[in-house]
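Both complexes below contain chain A, partnered by chain B and then by chain C.
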Partner chain A sequence: MRYSDFTTYDLLLLAQGLGVTIGLFLVTSLIGLVIGVLWGVVRFYRIPLLTPLITFIAELLKNSPVLVQLFLVFFGFPAFFHLNVTPVQAAVVTLSANTAAFIYVIAVSAIESVGREQIDAARAFGLSRWQILRHVIAPQAAAFSIGPLTALLVNQLQVTSLISVIGVMDLAKIGATLNLRTLKPFIVWAVVGLLYYLTAKLIAAVGARYETRLRRFSEFRGL
Partner chain B sequence: MQFDLTILGPYLGFLGQGAVLTAVICLLSLAGAVVLGMLVAIARTSQTAWIRRLAFIYVDVFRNIPFIVQLFFFYYGLPEIGIYIDAITTGVIALSIAGGAYASDAIRSGILAIDNGILEAAEVSGLSKRITFTRIVLPIALRTSVRPLGSVLINMILTSSILSTITVNELTGQAKIVASDTFRPFEVYAVLLVVYAALTWLVSIGISHLHKHLNRDLASEAA
Partner chain C sequence: MLKVENVKKAFGAATVLDGVNLTVSPGEVVSILGSSGSGKSTLIRCINGLEKLNGGRIAIDDFDVAKPKELAEARKRSATVFQLFNLYPHMTTLQNIALAPVEVLKRPRAEVEQEARALLASVGLSDKVDAYPAHLSGGQRQRVGICRALAMKPRYLLLDEVTSALDPEMTAEVLAILAKLAREGTTMLFVTHEVEFARQISNRIVFLDKGVLLVDLPTEEFFAASGGLAQPRIAQFLSKMKKD
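Showing the complex of A and B:
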């Protein structure tokens, strides 16, 4: 006989799944942020060969389904390179790379959003290219990019749900497990959906807070 | 192991079938999403507050919950309430509803961008509200939102790969079968990645041509 009622232990399972989802989301967002910004800096320095290569990889990652990327890393890499790839490793690699590709686009437009005349002025003052990037561009680019970045992260949270397909026990996978056991899809998926929704709202709220903080300095303060 | 693409040769027709199914699903879902998006965009620009709020809740909910959760909700939930439909139809419905949330935003901004003068001109010409909407507002809004609707379509092509998790054998589903048939997942998924990227690239070119063609009268303004 199967035990098909909800138990209090299910709440623990859901909390665990939510923890895995949020943990992987934070880790991959951070790695993606670092890589994406690095790619943006490479483009800023106009490094030959590397710049077009990065643009190509980013385009490929942006324009293909994350599910296929996951399959490539999780099924393709072990078969081709004779590696052992665990589901979590595959998830981290794929989601980080995918996030990096989108952050690269934001970083590029953020760097380009800073007016040409400011860079010319900074150069006239004798600032090096790195000093210009660090002290002139970075603060303004950060304020510019926080809006698109928040939208991206809200989206990337939803993308993390795909890793359940390769067997990572994240929130969606816990949902699938509970669904199979209790056979109450409406309750299970509504609760799972609600948890995702609340997490997305939390990310959006944090992003909005940072935005007002970063933009405070660029507002006209009066004479 | 050698990177050998010739093993895919015998499966090209098989993969082609999957690609055709992906195209059919995406076109049906696009039609559904645009119709739904139009209705929701009308609701969101309505003068009645509760209709506006209801439409906003729909958009907010379906944009902030992962598509895979929505899909499972429908796929496992609908039979529960006595609606038995096949996986492809379920997929098209889920894609239409999720796409509708994004399409409504695109169309809504198209509606909001319409010059008030045009509406006033329609009003003094004695056109009824309904005629003004169907003959003047919607054509202009749809025309200017071709580009954002195009990115909804591109997103839909990428998202449709998730349908492979509910046994729909579209492009990704077929590729999964080929991968397990040939034991060459790396080649299969690498090719699939490039195929999806090429497909979305072609679609985006088509869309910008369509956009230029439909908005040719505004060419000087848009430039």
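Showing the complex of A and C:
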């Protein structure tokens, strides 16, 4: 057997890479979701100082390349703050923050898409701002946002591949390693691509399921 | 008593309510007539605290709506039925009705839901308890809107053109319910374009014209040649309404 042949051990490597990718994706999506929604709530309450600060941070995160943000955290933070940052830490911080910024945008537009007249009714009936958020806005905002949220998460899954450049052994990095050893780029990248594709499809399927459940109240007649 | 004293409301440079005075006592049905844009909806929105006043005072049973702490009390004593129903689309009929009594009045859910079912039965909607608003007709939606308000057991029911988004048949079905409420002694402040209906159920009729309350008269006097009809604006309004 030549050194460049595929072995069963390569399958294990791929599985491991896929695990790292999915793990990082899940962790950073969850952190991003919590932070992004919290930011949305802060904005709903129009908390002074905090609201413009969050909007500013989200603007920065949305309008600069993730790769640059990653380099800033991985190379910049240690140099500037004298912190020790491991590749995985840098990946978690960067991807979570980036996801949070986009989830913030989705949360804000979902909150704003709830009809003014319903909020008027709830206020006139004496519900507090929190009660209105919880009972009137949140369920509808969740239903509105599930579509864009699924699209974002599918995209964020692909974005995780960027972290391979700082040495995290994710699926893309394993692909690069296998490619160097076997010198069979077509097969390696086709397989890696397929694994990303299948994972993305899985995310989309989960999203679609939630969408049907959350939107059962609305009578969407199509266009 | 629901008291509106010298209320002023402006949107930017436009004065929409200009020194309005109005009192509604328990048991009374008071109708507000006036042409489009005269400030009727704005007056209702000032009473339920959705708009801030630029002057004057509104108090419901002595709770001042301009004071946040008292507004909460005022809102427990009044309930609004809206022109466009303003139901919560993600909630079933029953959930729409139960939300405020459970959350605001802190009443037990089981008890509230039992009452809600009875209310729905009283307006002929027993079979729509678990339906979402999107699956109801306009008339049915407004009947739910009325039940939602009644579930608060309000001392004052505020109604803002509750039939103007409905066709004649649905209008009749909603007006029949309001007539029954009036007979039962429900206190109502009733903004409407249904002049004939207002005449049948009201104790008093007030007429708003460009933000000014022109007259506040017992119903019979309002329609008497020497009373409201003596005012050219009102005569003009009523004859235009008859033509429509």
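As a working rule, the second predicted complex is superposed on the first by the 216 of 223 C-alpha atoms of A that agree within 3 Å, B and C clash if a C-alpha of one lies under 4 Å from a C-alpha of the other, contacts with A are read in each partner's own complex, and residues count from 1 in each chain.
Here is the rule we go by: a residue touches a chain if its C-beta (ideal position, glycine included) is under 8 Å from a C-beta of that chain, and two chains touch if they have at least 3 such contacts.
Since we're looking at a predicted model, the values are computed, not measured.
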*asked:* Once chain A of both complexes is superposed, is A:77 in touch with chain B (first), chain C (second), both, or neither?
replied: first
*asked:* With both complexes overlaid on chain A, does A:68 touch chain B (first), chain C (second), both or neither?
replied: first
*Please indicate which partner A:181 is in contact with in the superposed arrangement: first for chain B, second for chain C, both, or neither.*
neither
*Between chain B (first) and chain C (second), which, if any, makes contact with A:164: first, second, both or neither?*
first
_According to the stated criteria, A:125 is in contact with first (chain B), second (chain C), both, or neither; which is it?_
second
*After superposition on the shared chain, which partner residues are touched by A:139: those of chain B (first), chain C (second), both, or neither?*
second
_Looking only at contacts as defined up top, I'd like to know whether chain B or chain C touches more of chain A._
B
_Can you tell me which positions in chain A touch chain B when the two form their complex?_
59-60, 63-69, 71-72, 75-77, 79-80, 82, 154, 157-162, 164-165, 172, 175-176, 179, 184-186, 189-190, 192-193, 196-197, 200-201
*asked:* Show me the residue ranges of chain C that touch chain A in the complex, using the header's touch definition.
replied: 45, 48-50, 72, 75-76, 79-80, 82, 84, 86-91, 99-100, 103-104, 132, 134-135, 148, 152
*asked:* Under the stated contact criterion, what part of chain A meets chain C in this complex?
replied: 115, 117-118, 120-127, 131, 135-136, 139-140, 143, 217-219
*Using the touch rule from the top, collect the residues of chain B that touch chain A in their complex.*
1, 3, 61, 64-70, 72-73, 76-77, 80, 154, 158-159, 161-162, 164-165, 172, 175-176, 179, 183-190, 192-194, 196-197, 200-201
